[in-house]
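The structure follows.
Chain nomenclature is as follows: A, B, C and D, assigned in order of appearance, with residue numbering initiated at 1 for each chain independently.
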């Protein structure tokens, strides 16, 4: 009796959590119906390991192979971002496709100084992006304020408002550096997988390109 | 019926007969044997047709990426499945196959090691390709860039599902499924081969067109329910544009029906095969009209006003993300695919091989090959338009639809009627060979003449031939209307 | 449909940068507009008051990310007016080469950003492809890829590298052929003509009255150019004519503004080819950095109460620096640096210019004025 | 044809213009100044005007001297000397741009013959300077209705320097955030830059300890 109740409660909790974040169908009833049955069946056999490992690997591969950055041009680095999509440095061949709507993006590419006026909109853009999402700070201005660190209107880096995963130093960094930054982000995704951006300690320390 | 070495429907029917006789036929419900077998056959055929379409959809997406890249002097997508076992920049996921229970991962590990030998990061082909800046790394049979779309689709599955707070939640959730469901229903009546169709009914073209024009309703739902001004404008634009272009589409399809004398898609193709002439040589104007109208129907450049990236951020699907956006994305390309297949069936003789009667042994090639090849060939034109053309304005697109496409489609219908009534040889049931030659040559000459639209006098005077907007006073704030 | 306000931006494909255009629409027609700037205001004018005259150059590079050299040169001429410096002839030629290369690159970036505004991605990618060539050439001069920090008070940082002239000639000749590709892609396309002709009418006199200058005025049919009206460099020794477009009767539309920029790219390329031939000392010789042939001796301090200003033909219009030097004991730093940005004045005019047209014309009209927000917000 | 304006043309036009300015009396005193850098030391007109007289002078320049282009409005804060604590420098240009002539319904673009320019048609630079004694709210008359180009320049001058322009409609912040505190104009000299003295930089070179000034304001 007692143990059964525990099982039900735990399974329900798991299902609700899953249904909130990572699934194609958010219809709660379907999950509730399937959830318990699935769990028991999977616990019985060791299919859970198969699904966990194989599906985890494939989904991880998919997540790191198609990173859609937000089409957001702030300052000089935006032109290097555009040059990265140009024939010489073909960013699309690495699965980097720029989308204009934050709902359809995975990566927020902050390429410029964050002024006091833009602090609220960029936080809003970040919150409009669905999990799992990543943030790349491109250029000195986005990292630390850069040459404008003394200014009265510039925040000292975008990491004062949103958590950053990869720093790409340079003023502006070359497109090769940008592509390398995406590569570093892929390595990070291989290591830690799709961790929601809220769990900062699970996200680990940010990577600095060309720091090794 | 043309004979095909892939006689899929009969094979499935025999298999299902065997199954049902050995299951139902044994039981005391033996009188349902035939109906069960029929049901199973239809179900299996639907599954196979839809599976074939979905798998080859990846080819379509791949073609778009690669061709667009080539037009733009880029390389296009280059991701290969190799990155599954070779990690990023040497960082691999560890030997994850050892985590699989019962030692079932051992063959996977051996396969990975073998593939690393063949196409790993340290393979000489890989190194040579990197040095030569080749468009693919490693070996060709890994289809570089082909699996990029697979990765995108799988990523959409893992994205969080967001519904805006002020959105109309139920309509917002229903719209994508309305679009994708109606799009999939189109393929019920599109045959992939003489014996490879899920349903062969009379009036199949009527049903096809009816279902094909339901998806715009879902588009309007999506745009309205997102409670966003951009999406609302996109939805309204798509409603206006698709109503303007439905009528020329139907009239053009009607001309094909008149020419072939049947509302059944299979019979239309059979008529082209029997009468010996593809419809494109009899109705070149109809073919042009059909492809232009279809570009507008599937909302691609130059007629992609509903998702005009420049002014409306992402158009009517701005607020959609995650799997629902992935479904809409897939349905866009499925509609394009349906358009290409319909063009192949209506005008390019469907599954009939080119010069099938003259070239020997060509009928040993399964006919499904020709269907797909023709459809992909038409898709090349879609990508070409997207790479070469600009986006037209809303008023211009409506003006074009009502003032040019509708009269032209009526002219085309009249041509089809005249041809069918006077030129078609009903006794031998084939076209006199002079008719297609005359029509094709005349229309070719007309096309060449019309494509020379240089106006030297206007160029010299630098007048503005295309000033569609009249402005009275040119001072800021003054010129309204 | 009722009238409603749409806020385009700060993140929007139409705004080539970071600003907001509030549009009041009635159905598909634009009824009223209101620009809102200042999203990347960095206070450069305040920071420059704490820098000396050489330290200011990188900030001027970063004023406009699309044309760095023109802005640093605009500052340099003002600083030389302040510090009373004579510049050697060869340095002037090298500056001319750098500025015109940057003008080509900037116009290429404009065309590349303008093609997706009217719905074509191919033109953007092609323009960025040619822009890479120009950036390689300027990279040989300045050493960096985008922000060159090239000029110095009294000259330039470096002489032309050995073989630069040969590479420059070859690439410019290739570029002159590539321009015909763009014209084949854009001018031959009826849809492009339909989209750009007859929208965004603007007349010359009212543009001047609104403070708009540069290519936008030349597109309206008057060849006013700071390079001959307030001459500052070796343009008198080159054979060139400011490219002027013949507008329609109602004024210049987006098509004129596109044509005049393409003509300017051609003009600048020919100008560089001419300047490389006429360069004193020959374009193949190389002087060490600091050689008096390319860098004159310049004082580091400004006299008391001295001011300097200079009007400069930027790739977007007439840009200007006003430096108030001196102040007690701080002659090393300018007391006040004031920057005249052409786009800061042009954007409100362009926003007013699109009233009465359709929503789809907003990117076409705003893009045709070539907005650059880095210089606008400063 | 002459490629560009010669120094003689500019000098003659400038001297003639300066003589005409003398009608205004001692409220306005003009002089011909010369650029001191570059290859050509061209002349330009420097006018010192009392703020109250500025508007008539502007109208006169617009009407009778066809000065059609306001380039820049600059405000400077001199807290040291009390009698001229605020200075407004206005840069004007005479471009001579006219609409292209229409001959029998054909537009013909105008290509200026530079050598033939003289008098009021010579392109000319003007630098007009006016000073205000030390006050809390400095104010000068606005010329935004004479040259529309001065509109946003004056907005920016009030936004950054804090010099108000009377008669200017719709004065608002253009570069600073709209919710900036009233009376905060960063280019006034009492406002220092962040880390103006670099001590705290040296105390904490990596900058781990410091917070942005506005850590509370933004998320």
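We adopt the following convention: a contact is a pair of C-beta atoms (placed from the backbone, for glycine too) under 8 Å apart; a residue touches a chain by one contact, two chains touch by 3 or more.
As the structure is a computational prediction, the values presented were derived from the model and not from experiment.
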Using the touch definition from the top, how many steps at minimum link subunit A to subunit C? 1
Which chain's mean C-alpha position is nearest the mean C-alpha position of the whole protein set? C
Two candidates, A-D and C-D; the one with more touching C-beta pairs is C-D
Find the chain most remote from subunit B, comparing centres computed as mean CA coordinates. D
Using the average of all C-alpha atoms in each chain as its centre, how far is it in Å between subunit A and subunit D? 47
If you average the Cα atoms of subunit C and of subunit D to get two centres, how far apart are those centres in Å? 20
Please report how many Å separate the Cα centroid of subunit B from that of subunit C, as a whole number. 44
Need the CA-centroid distance for the pair subunit B / subunit D, whole Å please. 60
Pull out every residue in subunit D that's touching 2 or more other chains. 107, 176-177, 186, 191, 193, 196
Among the residues of subunit B, which ones contact at least 2 other chains? 72-74, 309, 313, 462
Contacts with two or more other chains, residues of subunit C listed in rising order: 12-13, 38, 41, 43, 46-47, 50, 125, 129, 203, 210, 246, 248
List the residues on subunit C that touch subunit D in their complex, please. 37-38, 41, 43, 45-47, 50, 77, 79-87, 92, 203-205, 207-213, 217, 220-224, 227-236, 241, 244-249, 307-311, 318, 320, 322, 324, 327-328, 335-336, 338, 340, 344-345, 348, 377-378
Within their complex, subunit D touches subunit A through residues 176-177, 186, 191, 193-196, 207, 210, 212-215, 217-219
What residues of subunit A sit close enough to touch subunit C in their complex? 70-76, 78-80, 82-83, 85-88, 100, 102, 112-113, 115, 117-118, 121, 125, 147-148, 150-154, 171-172, 174
Subunit D residues touching subunit C - in the complex, by the definition given at the top: 3-5, 35-40, 42, 68-72, 74, 76, 80, 89, 91, 93, 95-100, 102, 105, 107-112, 114, 123, 125, 127, 147-153, 156, 160, 173-177, 186-187, 191, 193, 196
Report the residues of subunit C in contact with subunit A in the complex, numbered from low to high. 10-13, 16-18, 38-44, 46-47, 50, 58-59, 62, 65-66, 109, 112, 125, 128-129, 131-132, 145-147, 373-374
